[in-house]
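Next come two complexes, and both contain chain A; in the first it sits with chain B, in the second with chain C.
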Partner chain A sequence: MPWQTQDFAASAPTPVRESPLALAVRRILRKPSSRVAFFVLGVIVLVGLLAPLLAPYNPSAQPDIVRLKDLPPSLAHPFGTDQYSRDVLSRVIYGARLSLMIGVLATIVSLTLGVAYGAIAGYAGGILDAVMMRVLDAFLSIPRLLLLIGALVAWPRLSIGALVVFLGLTGWFGLSRIVRGQVLALKHAEFVTAAQALGASRRRILWRHLLPNIVSPIVVAATLGVAHVIVLEAGLSYLGIGVQPPLASWGNIINDGADQPAALWWMSLFPGLFMVLTVMTLNILGEALRDAYERR
Partner chain B sequence: MTAPLLSIRDLHTSFYTESGVARAVDGVSFDIGAGETLGIVGESGCGKSVTALSILRLIQPPGRIETGSVIEFEGKNLVTLDDADIRDIRGNRISMIFQEPMSALNPVFMVGDQVAEVARVHAGMGRRDAWERAVEMLELTGMPDAEARARQYPHQLSGGMRQRVLIAMALMMKPALVIADEPTTALDVTIQAQILDLLLDLQKKIGTSILMITHDLGVIAETASRVIVMYAGEVVEQAEVDELFAKPHHPYTEGLMHSMPHIGHDQERLNVIPGTVPAPTEWPTGCRFRERCPYSWDLCEREHPPLYQIGSGHISRCHLAIEPERRNNPHPPLVVEAGAAAA
Partner chain C sequence: MLRYIAQRLVQAAVIVAIVATITFALIHLAPGDPFSAVMDNPDVSETVRQTMRAQYGFDRPLPEQFVRYVSSLAHGQLGWSFSHERPVREVLGSALPNTLLLMGVALLGSFAFGILIALIQVSRRGSVTDHVLSALSLFFFSMPDFWLAILAFLTFTYWLPIFPSGGAVDPVMHEYLGLGGRIVDRLRHLALPALTLILLASAVVARYQRAALLDVLPADYIRTARLKGLTEPEILRRHALRNALLPIITLVGLSFPALLTGTFFVEKIFAWPGMGYAVVLAIGTRDYPLVVGGVIIGSILVTLGSLLSDVLYALADPRLRR
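So, the complex of A and B:
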């Protein structure tokens, strides 16, 4: 460890405040690929947020189910129309809103459960930790998609809220592993002993001293988690057991065009493109975040 | 001395590891008076840090303080206190300064918040009040531009400034006792003296006692009024600082002093005490220093030496107390340092 040998009083005249978070963000945005990803994702998120202002038509409106159905892309309908004469562009825009919302909300559910479970197991240690980890192993041994398909087939026609809860409930196992490992690694760090020596309680040490130190891996996991949920939701909606029509999500818009993908290519291509872009940019940012904190 | 502030009696702290029970602290007793600076000196592994951590009950499993140990502080036995009560004492009545200021600070918080946290935990202060107190405290430790420095993170400060932060945290509640575990070891030599002066200066202002733990006799000479020498989990010698430097009794103390470099003396090489501290899982029978000692004889193997009274306030765990003439006939120690032939 290098020591600063100059007299402390003479060092750095204007100290600048620089949080570890600010440092990480700066480091990430230095890379052109993550700058592009950040921009693209930002646009998609904005599109989702501003859907009612941006969508040229009502996404569920069926103006003329005979004459306006299955139209290829044109000026009036840049992404074409579907078999019910609905405007695909408007549906993709509203789909962005729904798919992103489901991704973020489900990840918040997973995050809460995963962080709490992992942190408690790691910090408690001993028998409690061992039991909690075996339970987790059991959950982890069942593929997530299988769990979801099973649940959604058993309770068909679920509300969006219930779908979010299911996606969240099945998504925290890996994260809690990560959190537990980090807490385990940090709980004997000297600053933890120092906090104890100053009279901090166990709860305070866990939530105020340990967790803030593992925000980076949690943020990485969350970023990648949102991407994963978006793909899962699309998959489930494509199978017809996720978001139910007439609500538009990327998955069920793709499904609309799935019968004749060659003839009605625009119905599946555009929502698919948006989904791939979103997932790709989330993954690029997640990886960049991981690089940034691992290089510390 | 009037009633001591802290009184340790027969402290045993052991670690139950897979390779056996490590008796890191094995029957230590001593007192610290109010306002006094007591030094504990010894090599790595002699039990001085474990003693310090035991006082605050910061021993983590598989370590534990054995029942029967007594650490009396302000009328309470810290060993048997319940968790909430010991937390009230930590950082409030007894606080600790750690060796490595970078790792003792939480990397993701502003240092001002970390100092303020002490007041929030113990004085129940609000955010703003605690922050103001923290800045005042940092100013008191001589932190330049304290207001701005408080808003920085540990990695932005120099080693000396970080140690000032730790000192501010330790003294925030004006504790009765500060345990300083090698507070200057990790610092640059030019900063070491500043930090020691600062500690002594603040001690005078606040009137706190200091338990100074170090392997550096120079630090002891500068700061302590009384010294305890620890070896292999035991107190081997205790004396007033002047007495100890003038008349070290235990051969281990003698060895420590000889191994200090002296400016002005022509020395080919530094003297070293041959060998290392034995493993705490199996302390040797008889005298634990025997194998490294140039005076040991058969008695030392047969009988574990008690603490002999040498002079007023001076005790030593060495049989030389009863056969002082043996000091004139040193012999090569039983262990010879590998590779380093004794000069």
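So, the complex of A and C:
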């Protein structure tokens, strides 16, 4: 509804120049569904950040592996315990911390690579662009999970840092194509010609004039990218080649219960619910951001 | 047209070559020997290790190994599976038909179901039904494949034991059944894994197709059809859907990677004896050649899928037909 936006802008007292991101955030928070998503995601992020305060038990403590193992949910252990008598609620809380952290860090790696690769290809043009795009096609045609399985299976007992790097290294292909397209479209815009006429260097034009204009698709890709990494990390941990025990991640907890999913149903259900909530809220927000930008 | 197909074939070959290079690099960048499962055993003496490395050619210089690797790939050889003690090609070859069956059923089912959902949504756009279906498809779109598969497994084989819990056929009874019984047995085993995949994939199709239909609706020919006096369902079915089906062909190619990924997890959880199941088991036994073979075959499948959908697109769009 464009007239509402105009109305709002007209009545706003002395509008400080608002960044596109702030504008988009303000716009999406008008939708009830994104408000709920924003709130739920905020709670999950808080849970992750405050994990040491919120978790009722030490997530890797094995208090009594005979009497306290495989307990179904109860008041003392709302999400039950696993086969080592560890409290599943505490593990899910610490899992939130680790899964979100991996998601954000890996996405930062992919954003950096994707933006750099796409910007260079789009700005350089010609043969370099063509070659870079064919290489990209090849990467894009390997399913990301398969690529990661191929890479991770050879590195047993992987550290979290290395896992983040691998997840980041396999996540930039789509974004760099978007960035390249945007750079190509803006390369001959008037403000770029103006900057060239004023004697700006190629690097300055790229960083100061082109990139700030393509922030919106990058923000959208980042939001959806975090969701994707969380699902991937969970899947890999479920296969036993992601986050290594005794560390808890959502996929890893599900993997701990995978031998007897029927008997230990609480170990699949609860971490999965958190995972779905996180991924869904990120997807809702990512799409709302995309709509907000596209409407501009 | 032929020239276009030839171009795309060359592109596909280049992609497979790059995939082969990447997998080779991955194996050789990794620490330790490419057959750690055997080498990790401390009882294996250094002499035996050396002999094994020499036998498999791992003592040669890297460029030579690379050339050998590429040439054996080009001959269709994928190496030796340590855990099955058979060539990787045989292991994957016997598993592949099961995977293709599962993927094929899921592909057809999810496109039929997804397009149907999208049609319902668009014919009542803005209504409660539309919003509920949108929310549901976002829910299933956000659902990690393996988690939905676990839930389906728990619900329909354990709490409500309607379906058998795994495998492609009943391990005991299948041999004793008549032809009709065998077919029913196979279908019963196929149902749950296929339905899980269909649910996951149709969420993607429905979201995509709804957007495609909404893109088409403002077009002039829709307005013409409306002015001609056609009813809304007729317009949707005869004019909008046919034009919005074109992007669906592209989606077939695009959905292949996701479908394959989903198949890997679904096969693991339902013990469906396909390629994904073989690869997932090979991760556990650290049978690298089998895992890498699966990665290569999976990438080839995806490349073929996108090749096929591009060619179909060119054939279906009269504007591209020359």
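In the analysis below, the second predicted complex is superposed on the first by the 279 of 296 C-alpha atoms of A that agree within 3 Å, B and C clash if a C-alpha of one lies under 4 Å from a C-alpha of the other, contacts with A are read in each partner's own complex, and residues count from 1 in each chain.
By definition in this document, a residue touches a chain if its C-beta (ideal position, glycine included) is under 8 Å from a C-beta of that chain, and two chains touch if they have at least 3 such contacts.
Values in this document were obtained by computation on a predicted structure and should not be read as measured data.
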Ask   = Where does A:Leu46 make contact in the superposed view: on chain B (first), on chain C (second), on both, or on neither?
value = neither
Inquiry  = With both complexes superposed on chain A, which partner does A:Val135 reach: first (chain B), second (chain C), both or neither?
reply    = second
Query = Looking at the overlay, does A:Glu190 come into contact with chain B only (first), chain C only (second), both, or neither?
reply = first
Task = Look at A:Asn213 in the shared chain and tell me whether it touches chain B only, chain C only, both, or neither; answer first, second, both or neither.
result = first
Query = Where does A:Gly150 make contact in the superposed view: on chain B (first), on chain C (second), on both, or on neither?
reply = second
Inquiry  = Please report the chain A residues shared by its interface with chain B and its interface with chain C.
reply    = none
Query = Across the complex, what residues on chain C touch chain A?
reply = 11, 14-15, 18-19, 22-23, 26-27, 29-32, 34, 36, 138-139, 141-147, 150-151, 153-154, 158, 257-258, 260-261, 264-265, 268, 279-280, 283-284, 286, 288, 291-292, 294-295, 298-299, 302-303, 306
Request  = Using the touch rule from the top, collect the residues of chain A that touch chain B in their complex.
outcome  = 1, 3-9, 11-12, 14-20, 188-191, 193-201, 204, 208-209, 212-213, 215
Query = Tell me, which parts of chain B touch chain A in their complex?
reply = 53, 56, 58, 60, 87-92, 95-96, 98, 100, 102-110, 117-118, 121-122, 144-145, 148-149, 151-153, 156, 158-161, 166, 169, 186-188, 190-191
Message = Taking the touch rule as given, give the residues of chain A at its contact with chain C in the complex, in rising order.
response = 134-135, 137-139, 141-147, 149-151, 153-156, 227, 231, 234-235, 238-241, 254, 258, 261-262, 265, 268-269, 272, 275-276, 279-280, 283-284
